[in-house]
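Just passing along the structure, written as structure tokens.
So that you can tell them apart, the chains are marked A, B, C and D in the order they are listed, and the count of residues begins at 1 in each.
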């Protein structure tokens, strides 16, 4: 009987823990199941264009603590390419690949879901910094991002208080406010604004003034996807210049700081954390979660159980149908948002 | 109707997140429920001897990121004191306390359990660095300890490889190997030894030699409570001296390093992480978990639901009977230990 | 003989280490010299408006590791206020203050210099994140900022490489490129752009393309005060929108990323570190330097040596005339910039 | 004219920054001077036994932030080997090496000094965690060690205060107390004991009791090489057992904690930081210093200036005769120790 040969790819935005998944898949696959591996480069572009790289114990040495992905990544969607599916099937066959482990978010796993329906033997591992994939309690990368954002908030407290300033911290979260909510609670923010609940700029400003009366300097954490409620009177700002005469405005963080300063007369500054939330070494939790996802994923391949993705439920890793993770987004519920309001009220 | 007055105490070893619980209990109690608070100092010694301190919004300012506990701690057991229970009841009454929030581990909550049976209105919040309390997925403090241990292992990898040495890292865990298991997986250890599975010193040494042949320098993570299997031939060492002629041996980490060096001829060194695992600022996860425990605990008081403790199940905080958390220890199962063996084999 | 009474104030932008200076001044002043202290709030606004706070051993407890300043800060300039100098002299007399320790940067020490000329007994402690004060090898706060920027660059490397992107990191430094230079060297940046040397955008883009050919993804560190050379053809960009349709452009970091993307066709992203560089706990080096500055400053007061500021020379703290630190800025020399070019070429 | 070929080796205990030196030497050597390189493995064992490895731009990729040394290390002394010098000369000739860059501490540079006298073209780069090499203001690795020790002390403060305990922290420093002194100042220790000043155990205990009366819990930082003064009455302890019945005593940290507990009746615990001080990623300062040492070292080779080592003086890197760095140790002076006593008194 021939040796089972497994392809691995990582797609979408990078995320601390991707390398930990790859390493676990390969270590368990080689040492536990006797499989061989081939790496596909840059997400779905790899199988689409037949771009591979060697992948084995040696390539995985020392990668556990490293951010990013040794396989590279992209947002290539083979279903947007004429004949894409056929090319993928041909390239998998040409590479002698019997099964595929696809590590990625909504888009990458969406492709995996459709390929599985078309008969490709694929197992998924969910990945999103934003923690907004349904079906799993947490995704790896999220804990690292929350730690980085919390450490930034810790640092900003002293600036806020020494200068009697409002500080607005913009964190990742296009559709879901998980990073803002967790980092806001952990960092002791005085308000958290999330995409799920359009905010009232007047209420935010009233809150800022209350905080100053009690001698606290407010720190406001805002998801990049948060928006003012319709009719709240907050308009797009324009024209503010920095010390060098450059216009420095744009995202919700900057706009909000500007608006608060205009309305309350308090100095307000924005910090946009951006890409530092998604790079670098993963937290211990994320390494543990990513490793366990990887171990279970290759076991699923060994069991011949395809069309599934891994999910954390409590402290167990379970396999759920791929569609579960790529159906609807997991959003912060009104109850969860309300629970934290005692600190933000 | 008079205002509800709630006492709070923290018992047992300190643990990152205690202050976050206290702050959440008080913030929600005052702002959400209109309660008043009194702090009892140094665990059960506070109510036993009537030692209190003021506790309100002001005392909780700025404590969220700080390790330790503003209330102090001790291992005092009132049931070991003649008339202890009566003194506690008297002192609670004297302080006008209607209900008590007790934050602590097996011992502290064990006392709470018995006091609840004797009619004291008490709600518990579980606390253990070791993560060995049953009834809850995780306890706060554990994630911080695992992060610290993982960072230490990251640092030791380079020393091990540059010097072709064996490094033994002793972490906390008297009865349960959770910290060793999680930090070992996250840090890429080549072996993890835990109390639940007495180890075979010959197998450990064989593993060390295998690792050296493949050019890796082994890092072995060992719980403080791990022990050699009966008849494994590992004896208590004695007499090794450091560069200054002092005998520097003792705990399992030191003994294991000595034994490996004697048997394999490879240089081996031990690092005992000790108290740095339990002090200092909590990780974001622990602040979030501790805060949510605190919010739920004071809500339980408001609901008049006593004799319960808080527990994490998935991403929800639930209330479970106090006895659940103080019955038997939560140990690493053979399956969980086996899952990680692919990295350690 | 009456007890010597010393006022302390902190001015300008906050900086990790301010509290360490205050603590050292007070601890040595009380325990070593038997002085009394009074704190002036919010920089020169304190003595100008007679706003004081108690300052002694108790107020300094636990502040060593904390960022910001317990005295508050401002940019108030008493020489810009009608009768400001007289008000300061009157308020110092009213508070019974015999001497003043002023901790601050160019502006704060500039005021101190002029007050010293007018007979006020003042000793200065230099402070600037940017490290651009002449007369001293280093100022506290700088090392912390460089560590934070370096850690951010470490994190961004993996994103740059996984996504084949250019990452531009904007760091502090309005007039001097010290943070960019040190963090660029420490973080392994592929180019560093500083205010002292206007850059040629075509050379930067050529460098980006060279890096990609050798399979490195470039990270470019840019001081907030860096500017394109005249006639380099780089224009102010405008109109780029983020995923939400908001214009997100402004500072040199954003403008540079946009320009590189336009010219090279490579995806480029900017991260603006901003205020997280100046908040939070100081590095060990900064705590040591700030503490030693404080010890020497109060010794200067005890010696009756006024009109001086503290300076680091090698490993010694020396006293230099205040004017030395407030004369001209310490800039990166062409030689120092050239030394690093081997990494950036 | 043939291309210059340079050998590089690293000797002695590992130290964060070794890889940064290697990278700077190679990058500047290749790109700036057109040199070729060969790596010698494991300190002087490499040239002694002719063990080499390829060394070029490719090998240095990504090593800047990594602890340890890609060349390996050892404490081999060729002068202790019959015919060692001849073997080194022969092996250097066989490898076509025109000059050697030796990176190491007292021992490694001592060998370099003697080889230079025997005509070998060698340039030295000083390395010691302990910062006790004379001739240079600081050595790389020291700042990283101090940061790690300071962070540990920060963490231990909360444990000390929550439990009313004495905590003893043992740090590196066999002959010199630099790490203890700097980390003690930066961490706010209440006493620092160093090898240069044998301590009076009665004075230490009196200090402990004073601290408790003022409600502080003392943290005592002790160098591994610190010793009690003759006749101070402190004896070697023996026999104390941990919770598992194992004798856990040995180094000065453990002995001191035991002695304080015996004499004062206060609970005392020791933490021995050990190898975590010398592993892992270097601080920004150490990367900057190591990089600049490397750049200057290869420039010295290019200048044909042998028999020198690099040294930091203020902010400049200078070349000093190798003997300067290998003559006598740089110890903490009585004045420097006294300066800090205001915090420890």
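One rule holds in what follows: a contact is a pair of C-beta atoms (placed from the backbone, for glycine too) under 8 Å apart; a residue touches a chain by one contact, two chains touch by 3 or more.
Each chain and its UniProt protein: A, B, C, D = Pyrophosphate--fructose 6-phosphate 1-phosphotransferase.
Please read these numbers as outputs of a predicted model, since none were measured by experiment.
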Any chain that touches subunit C and subunit A: none
Whole-Å gap separating subunit B and subunit D, where each centre is the average of the chain's CA atoms: 33
CA centroid of subunit C to CA centroid of subunit D, Å: 29
Between subunit A and subunit D, centroid-to-centroid distance (C-alpha), Å: 40
Interface hub residues of subunit A, defined as touching at least two other chains: 154, 281
Overall pattern in which the protein chains touch one another (line/ring/star/complete/other): ring
Chain pairs in mutual contact under the definition given at the outset: A-B, A-C, B-D, C-D
Residues of subunit B that touch subunit A when the two form their complex: 27-28, 31-32, 64-65, 137-138, 143, 146-147, 149-150, 154, 182-183, 185-188, 281, 283-285, 287-288, 291-292, 295, 313-315, 339, 342-343, 345
Residue ranges of subunit B in contact with subunit D within the complex: 13-14, 18, 66-69, 72-74, 148, 151-152, 154-159, 161-164, 167, 174, 224-225, 227, 236, 238, 242-244, 246-252, 254-255, 269-276, 278-281
